[in-house]
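First subunit A sits with subunit B, and in the next complex the same chain sits with subunit C.
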Partner chain A sequence: MAPVLISALEADYILKGIDDNLRADGRGRLDYREVILETGLITQAHGSARCRLGEGTDVLVGVKVDIGTVDIDGTEEEVATVKAKRGRVVCNVECSPIASQQFAGRGADDINNELTQMMSRVLNGPQGGLNLEKLCIIPGKACWIVYIDALVLDYAGNIVDTMFMTTRAALFNTQVPKAIIHDLGDGEVEFDLSEDVEEWERIEGWEHVPISVTLNKIGSRHIVDATPLEELTTEAKLHVMVNRNGKICGIQKSGSGSIEHSLLSEMVQVHIFVI
Partner chain B sequence: MCIITVLLILISLMDGRRANELRKIKCKPSVLSQADGSAYIEQGNTKCLAAVYGPRETRQKAQLIHNKANINVEISLAPFSMPQERKKRSKSDRRLLEIASAVKQTFEPIIMTNLFARSQIDIYLQILQFDGGTIQICINAATLALIDAGIPMQEYVCACSAGCHENHTLLDLNNAEEMADTPELTVALLPMSGKLTLLQMDSRLHVDKLEPVMNLAALGCKEIYQTLDETVREYVKDLFQKSSPY
Partner chain C sequence: MFVRTQRDNFESKVVTPGQVITADTQYMRGHGTYLNEEESSHISSVAGVVERVNKLITVRPLHTRYTGNIGDLVIGRITEVTNKRWKVDINSRQDAVLLLSAINLPGGVQRRKTEADELQMRKFFAEGDLLAAEFQGSFNDGSTSLHTRNLKYGKLRNGSLIVVPPALVQRCKTHFHTLSCGVDVTLGLNGYIWVSKHSSKNLDELDPEAIYSNDNEPVDRSTRETIARVCNCINALSRHFMCITDTIIAYAYEASLKYPVKDLLKLEAMEFVTTEVRHKLSVVRSIY
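Take a look at the complex of A and B:
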């Protein structure tokens, strides 16, 4: 990835502005840009959403559900019994080179990987909100696999927050085909998929899917929803994922700088305020 | 009798079009914030975004050409874009690389590369939804994005496909029609001078049929040209209005 540079004067301008609670685009420290959400754009996916933040960042998420086998090989018995009754969520994030020149060629590999891991960590597990047990079709044999593919189409800062917002909207939009289970006797079970679109169901628990708020530490202050220039001035970022009950579902620090302990708790408090 | 034949007898394709009718085109230039030029095109259910960066200094020494600009094309396909199950394609997927090189060859003679010696022009294409006609949509999107970037070109390049099924010529095939093993001819045309810059055919076609299919494809290209030209003029008018103080 080609390093993007910022001049010392420009960095200073941003820093001083933040001290005075006034940013280059007229926002205060804790103001978000305008959010535009659209759902159901990709007819070939089971669910999709697109989110535009201000005039810049644009993320498109497509959700496809697919029937898969339960993967329990090589795990302990206790874990395997739990796993056998669950579906799975597979996340994938791609930063398209159309978003920014720095994502061309192999340039996006690192950031794709980082974002993919972050998203799967949050969405797989009880904190993800989705009721994975509802995604099981035949315990131990077949289950639904939910593929969540996020595509970053345009970059103007704050990808992570936009990505989580769009994912939540796309999961809300997702319709899973209904599986009709036939008992053939002798413990043999088979299933068919319903053709009737009206019987399709939403994934249970989409309303508990967390969204993220990213706080950028610049100087001794912190701001939300940074623009690319502000991100370049940022020493450290803190992504906090929160669900609608105000519970924290994940915290992750990124960036090269460090955060003081006292500032951390203040930042987390701010968070709840922003939500 | 297969379903396509039945439909053809009714002279209407699967999506309710007539045999010599294009799919609905929607296009919009300047949709992205970071790129120098960008465009979004929808042809029926196929959707594509294009971004152009440059002309600027070449990054890799090996790609430097002394007397003209180097054009670099990269195509990516969204994992959820296919009608079948989800499939992740790497950037080195052969089919995508082939299309990228076809797009590159199409634009090389049209862009006035000799004006930008030792520099590079990047064209990035992202297919969001796939329903047949990848090459043609890539070329049309790239044309619009290049115009938006203000890169000097000799003229527009418009691409369109046409096919033939049991003596009926068809315009602008969608995925289902492509899958039915119809001979498909993709043509990129310079609409003003009438020259061809790309020609590709799948399956087999009787030599007597080539002429009518080609003519139909050329007609399709001209129709696409009109749509693109209208969009560009409309957009420029809009820009003028916004920038004028009155």
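Take a look at the complex of A and C:
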């Protein structure tokens, strides 16, 4: 179980190791741990994936697509008309309290909310890669809603990166049933779902779904893929979401510390080396 | 003769939950076991090793929290500073207590602890600090106490901590080892292991004022690398559920030299190291 406290002496050892480009487990500043990714584990879901990072952090993601009504609210008419032609992505992240002491009790709610928000923000927009318009079945009425449920089963640092990696894999694995639209005349439309599994198809644009690279600022340097002890030493974190073309799709900062301007741009550039 | 064969039956027998240990009803039910509905056989409720004392059968679980024995060396982390005592996490069911009266004061003088000492308790140990201590005893209510009244014990510096299942660390004559590769390893019986830079200082020449200092000595790159390598070796051993002693760590270290330190995080490298260790152990055993 990951510790929640760190001694000043350990923090000092970690800090000096990072200055030396040699971390406590022998990695350099920009080395990732081994990633084990599996897809299609949950038969009841439309798509699923499980990712383990260095045999420690363990995230399971299930994707379920369901028919729902399109989002018709929107204060401005323009926004409303765009929304009427779109499907939606609904995210939910839950950290299992047995994974770490910090997920037990009330503390888990904040972390769950933060991660859920982060994921919905990235995936519900043009930067998310998914072609939401393709998810619409009948404009103004029915659409596909993609439910993404992430479960953090075990924690050994760097949840966010693992979560995004798993989500991307789960979306790749997702098969959406085909909807056959019948025109009944008078503008009335109806649809049936194809039973034929062969006709099911992937969500368009899954390959453009970004993954995240989290940079942890420790001292005046930054590292990727931090262990729990390194995360406790971290002053500030920067999550940079990048897609396959190396385009930045989102940046979010967390942690209480601050990041100098020069370091910030350096940290953002780093993702290119990592990927 | 009958007794001997009975004993042999139980020795190093590994059971899983629900497995019948014995259908003999003359035995008494101990921890980790239960009787089936007809009360005709003993069944294990945990995965572990069967142990027997006279008629009492118990199963010692492989994955469990640490239960202390008097005199054990443990490594703990301070979780709380309270009235005249510290609460210490020792991977046990509840936090142990370290009384203010159970530590050595800087300066090495033996005296009653005063109110002034009470006020500066955080100068000795603050929250999060790691320390080596000896298990002093347990009280009626299940809480346990530690002491650090020896210069061997106290704050841990210049290295990093690894956590392994407590069952893997065996009780030995000494738990402070200096490996031939030049790092110190402190094996806590609670499964916390401290790997640090070798301190050449003799206990007698140790500066009594410095026992609570919060400064690391400078650690050069090669030492840091060796510490990381030893840590990764211990990690590999623990992943493969192998015993951790100074000799086994040394074997693992030798086998690991084939790989750069960071590659030891990879599964194949871990596999290689542990197979080498197993091989070496079987060779050593066949000689004796």
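As a working rule, the second predicted complex is superposed on the first by the 271 of 275 C-alpha atoms of A that agree within 3 Å, B and C clash if a C-alpha of one lies under 4 Å from a C-alpha of the other, contacts with A are read in each partner's own complex, and residues count from 1 in each chain.
Basically, contacts are C-beta pairs under 8 Å (C-beta built on N, C-alpha and C of every residue); 3 or more make two chains touch, one makes a residue touch a chain.
This one's a predicted model, so the numbers in the text were calculated from it and none came from an experiment.
Undergrad: Subunit B versus subunit C on the shared subunit A, clash or fit?
TA: Because the two structures are overlaid on the shared chain, the partners are seen to clash.
Undergrad: Look at A:Gly17 in the shared chain and tell me whether it touches subunit B only, subunit C only, both, or neither; answer first, second, both or neither.
TA: Once the two structures are laid over each other on A, A:Gly17 reaches subunit C alone.
Undergrad: Regarding the shared-chain residue A:Leu9, is it in contact with subunit B (first), subunit C (second), both, or neither?
TA: Touch status of A:Leu9: second partner only.
Undergrad: Let me test your reading of the model: by the given contact rule, A:His222 touches which partner, first (subunit B), second (subunit C), both or neither?
TA: neither
Undergrad: Just subunit B (first), just subunit C (second), both, or neither: which does A:Glu55 touch?
TA: It touches subunit B and subunit C both.
Undergrad: Quick one: classify A:Lys237 as touching subunit B (first), subunit C (second), both or neither.
TA: Neither subunit B nor subunit C is touched by A:Lys237.
Undergrad: Kindly classify A:Asn92 by the partners it touches after superposition: subunit B alone (first), subunit C alone (second), both, or neither?
TA: The first partner, subunit B, only.
Undergrad: With both complexes superposed on chain A, which partner does A:Arg29 reach: first (subunit B), second (subunit C), both or neither?
TA: After superposing on A, A:Arg29 lies clear of both subunit B and subunit C.
Undergrad: Among the options 23-31, 77-85 or 149-157, identify the stretch of subunit B whose C-alpha atoms clash with subunit C after superposing on A.
TA: 149-157
Undergrad: Per the definitions at the top, what is the overlap between the subunit A residues touching subunit B and those touching subunit C?
TA: 55
Undergrad: What part of subunit C is in contact with subunit A in the complex they form?
TA: Touch list, subunit C to subunit A: 77-79, 126-130, 155-161, 163, 214-216, 219, 221, 224-225, 227-229, 231-232, 235, 239, 260-262, 264-267.
Undergrad: List the residues on subunit A that touch subunit C in their complex, please.
TA: 1, 3, 5-10, 12-14, 16-17, 20, 22-28, 31, 33-34, 54-55, 229
Undergrad: What residues on subunit B touch subunit A, complex-wise?
TA: 31-35, 38, 45, 49-51, 53, 59, 74, 76, 78-83, 85-86, 88, 91, 122, 124-126, 128-131
Undergrad: Which residues, counting only subunit A, touch subunit B once they are in their complex?
TA: Answer in residue numbers: 2, 42-45, 48, 55-56, 58, 60, 62-64, 66, 92, 94, 96-101, 104-105, 147, 149, 151, 153-156.
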